[in-house]
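Lettered A, B, C and D in written order, each chain numbered from 1.
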Amino acid sequence: MIELYHVQKDFRGKRVLRDVSFQMSRGDFVFLTGPSGAGKTTLLKLLFRAEQPSDGQILVNGMNVGAMPPSRIPELRRTMGIVFQDYKLLPTRTVFENVSFVLKFLGVPTQERKRRAYQTLRMVELHHRLSAFPEELSGGEQQRVALARALINEPELLIADEPTGNLDRRLAEEVMKLFTAINVRGTTVLLATHDQDLIRGSGRRCLTLDRGRVLEGLVEPSAPPPAALLERGGPLAEGEP
Amino acid sequence: MSGRRTSALTALLDEAAQGLWRARRMTVVSVLQIAVSVFLVGVFFLTAENLRGIVETVKDETAVTVFLKAAASEEEKAEIERLAMESRLVARSRRVSTQEAGARFAATWQSLARASSSLASSPFPETIELDLLPDATRSEALPGFLSLLAARKGADDVQFDVDWIRRLRGAVALIAVWGGAVGFFLALGAVFTIANVVRLTILLHRDEIDILRLVGAPEYLIRGPFLIGGLAQGFLGGTLAVGVLYLAFRGVLRYVSATHNVLIGAFIVRFLPPSACALLVVGGLLAGVIGGSIAVRKKHLQA
Amino acid sequence: MSGRRTSALTALLDEAAQGLWRARRMTVVSVLQIAVSVFLVGVFFLTAENLRGIVETVKDETAVTVFLKAAASEEEKAEIERLAMESRLVARSRRVSTQEAGARFAATWQSLARASSSLASSPFPETIELDLLPDATRSEALPGFLSLLAARKGADDVQFDVDWIRRLRGAVALIAVWGGAVGFFLALGAVFTIANVVRLTILLHRDEIDILRLVGAPEYLIRGPFLIGGLAQGFLGGTLAVGVLYLAFRGVLRYVSATHNVLIGAFIVRFLPPSACALLVVGGLLAGVIGGSIAVRKKHLQA
Amino acid sequence: MIELYHVQKDFRGKRVLRDVSFQMSRGDFVFLTGPSGAGKTTLLKLLFRAEQPSDGQILVNGMNVGAMPPSRIPELRRTMGIVFQDYKLLPTRTVFENVSFVLKFLGVPTQERKRRAYQTLRMVELHHRLSAFPEELSGGEQQRVALARALINEPELLIADEPTGNLDRRLAEEVMKLFTAINVRGTTVLLATHDQDLIRGSGRRCLTLDRGRVLEGLVEPSAPPPAALLERGGPLAEGEP
């Protein structure tokens, strides 16, 4: 489903990802972690072509994402559900419109859109705020709207960037249950998070990024956190070309 | 397939309508802005159209009048006419009898017709009016020709105010060139303004467009609403402009004829022909569409 | 205290300059937009100014010409003049001798002066030119007065093209009212456009303004840069407009005098007086400042 | 320093805060917690008059915040450092400008501004990104810029809304140390967070909001989380007027 080979990413000469290679199969559930500024968001952005790699190859669902013509990008993104770290909700549209918009261009009729939006919002406990605008929602509520938007289409691939950062523990666990359920139904899940508790509780495969390099580790349920890896993490090393 | 297509079109129209409605204040302002621009260009068109009419009237007026002696014989008169037509300076010759001149006078001063007709001796001698050819006023042969006419037996006097016509000609030329320049600037200003307003409007929606792209919205659903919106705004703006222009035109006409008591009919004062009106509406419409498409064009790859 | 004040002013100017520079493309576009609007108003001013000149010339031309018989005695001539001045229709009377008429003719057709002076009989009879009072053309007494003049002994003919003057009068009135309407619409359009562009520009900065308020920035540092920016843009735009207007004016003048070979001096063709130029610049400047202050006004309490 | 008496807040008839009363003295360090949508952000917004209370009285530093004239709001806000849940960085300004802006209108000269911006950014480990723009920063980096902006002025009162949501554990702990240090130097701190680990580790006073009501609890270091209070938390009750 996702294959990265020797991927590099530079921003104005600053190397953010260095020689990143890893594979995920269809149906996998993988965590991506690492300290702040390690390159998690950048790595995810490469997968839906919000950024292009400076070097290396990226295959998603058999498509060469780094080299595909711009006209095919929408198609690529439509097979995915994406939860952005900063939500990216449309400020001028209601919760219902934000969530159901993706169904609109898939040709789903209005009634069906309403039904599915309600169902999905119910899963994140926001079905009572259907007609609110994003700025009328709390931080955690906005995050849950972003989540619902990514889930409504039952995508083949779910990419979630820090999807529980503004949720309390109980809601975070509910969301993890949701992800597990959707994964069981066949969706491949790649989830970036700082929250070691989430990773610890799951027993899933976990990629750790550190200063742009990927370190892999499988964490057993109830095992201690990979302190050796984490403690090395610091802010980005200065001025490395 | 057909069901899917229909639904795509529905989605597109739905998005376009919602977009216009969500930003309704902005929509109104954009329509007004386009209307203002199209209106100004329309005002220029209208002015040019009517100025052209006046200029043509003025051109027709470049006539030489030969005043005939009361005693002039028919032969003498005919000789003057023949001379005029042979000169290569004259386009048309026309005899105006004493009665006719009196009637003309009476027609323009109707209320005084009686006074005029009751005069003992008619103040209007018989004349021959000569319409000069377009370039005659600049011809070197003209003064000699005029002297020649004046020296004819039946001719009493030859009337031709060269100086005045020369001035009028200069003014008309100046107005025509200046008018052309003004029209050019106006059209340029209108295009610039509309493009600028559309650009700013879309800059306001930049974040929204980025987000739509990020969630994989097809391009037709991202650009389409802007194009349709631009089209609708342009059409509305253009139509509004032509409508207001017509009202303003009628208003000015009514005002002038009420206060100046002139028979406007003497001039070719007319509104724009339907084709020009259509052109204005299409202009506004195109400005809206082009503005919309230009503004949505870039930032395809990134984000 | 003084040190603190200076630093506040420095901060303000610094913010304003940075703001203009950060959005430099927008700054350029805003300046151009203001320039375009002011320019169009300036074009109208300029047109009106010169049209007024032409109209005044036309008004002076409402003259009656009395052609005198070659044999008319001095007494007869003087009687006609006296009659004219007593009529309450005439402003001025002027005798034009045969020589003078020939010289006038020669002056306007210089190259043909010789041809004219070598003619056996002079084609120019002596005349008396009468300037009518402003309202004379509309007076009911005019036709009778003209007949009276024509019936005098020394008078050969009286020339007065009522119809033509009436038309010209109508045209001038129409142009004046229409011009006033156009100027009004233009100024309105310019104000609307500038305000709209400034409003859109500031809408773009809405989030920034909200954030500045949230971190407790004093109002002078939030509004100030917009006002100073608007002022600078308005001034630049206004100056640019006047400069381009001057160049356009000279260009058109050169083009017309080159192609039409007219002595433009015959008309009062002139650029706007310095006061009108200053007015245009100040207009642009005011539009910028007022647009800026209106747009920053609201949303004080919230956020 | 902060006094709330019977404060209520309604949004379009929906009651978000009900009869909230509490006091904090100068130099206090208080946590504010509660499930997503409980009203934490709304409560904080009332303190710097981004919202007005529907009822009740709010005193901050002796000023009646709810009833003060708009012209005095900037003054009020300048005595505070505020970390917003959504950061609210100026997108067109660099990190340095974002952080040092508040010093500009306090009349601090450029050299001094530079020095203090560098120092403060160093505390959040971002001194190497002085000239970056917010969109070139990772989520966690943006959060730290927002933090630095709130701290640079050594404010009398620090209000932080979820200031560690996008930070990894190590950085979160660094930030808590910073808050403790600044509190020791006299700044009053009010900190809204979901992160029970942060609260647990501190032994500070903790206000818990639940459906708009405030429940107070003092948590001892290493004591278990106040499960009784937390488990009751759910999404906002529906449609209560």
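Methods note: a residue touches a chain if its C-beta (ideal position, glycine included) is under 8 Å from a C-beta of that chain, and two chains touch if they have at least 3 such contacts.
This one's a predicted model, so the numbers in the text were calculated from it and none came from an experiment.
Asks: Name the chain whose C-alpha centroid is farthest from the C-alpha centroid of chain B.
Replies: Taking each chain's C-alpha mean as its centre, the farthest from chain B is D.
Asks: Go ahead and note the Å separation of the Cα centroids belonging to chain A and chain C.
Replies: 66
Asks: Per the centroid of Cα atoms for each chain, what is the distance between chain C and chain D, given in Å?
Replies: Centre separation, chain C to chain D: 63 Å.
Asks: Distance-wise, how many Å sit between the C-alpha centres of chain A and chain D, to the nearest whole number?
Replies: 27
Asks: Calculate how many whole Å lie between the centre of chain B and the centre of chain C, each centre taken as the average of the chain's C-alpha atoms.
Replies: 20
Asks: Which chain C residues sit where two or more other chains touch them?
Replies: Nothing qualifies.
Asks: Please output the residue numbers of chain A that touch at least 2 other chains, ranges allowed.
Replies: none
Asks: Can the chain contact pattern be summarised as a line, a ring, a star, a complete graph, or none of these (other)?
Replies: Contact map by chain: ring.
Asks: Name the touching chain pairs, would you?
Replies: Touch list across chains, by label: A-B, A-D, B-C, C-D.
Asks: Name, in rising order, each residue of chain D that touches chain C in their complex.
Replies: Residues of chain D touching chain C: 48, 50, 52, 70-71, 73-78, 80, 82, 84, 88-93, 101-102, 104-105, 107, 109, 149.
Asks: Enumerate the contact residues on chain A facing chain D in the complex.
Replies: Listed in rising order, the residues are 11, 34-37, 40-42, 85-86, 125-126, 128, 136-141, 144, 161-162, 165-171, 194, 196, 230-231, 233-236, 238-239.
Asks: If we count contacts the way the header does, which residues on chain B are in touch with chain C in the complex?
Replies: Touch residues, chain B against chain C: 29, 32-33, 36-37, 39-40, 43, 47, 50, 54, 57, 61, 67, 104-105, 108-109, 111-112, 115-116, 119-121, 123, 125, 140, 142-144, 146-147, 150-151, 156-159, 162-164, 166-167, 169-171, 173-174, 177-178, 181-182, 185-186, 188-189, 192-193, 196-197, 199-201, 203-204, 248, 251-252, 255-256, 259-264, 266-267, 269.
Asks: Spell out the part of chain B that touches chain A in their complex, as residue ranges.
Replies: 3-4, 7-8, 11, 14-15, 22-23, 207-208, 211-219, 221, 300-303
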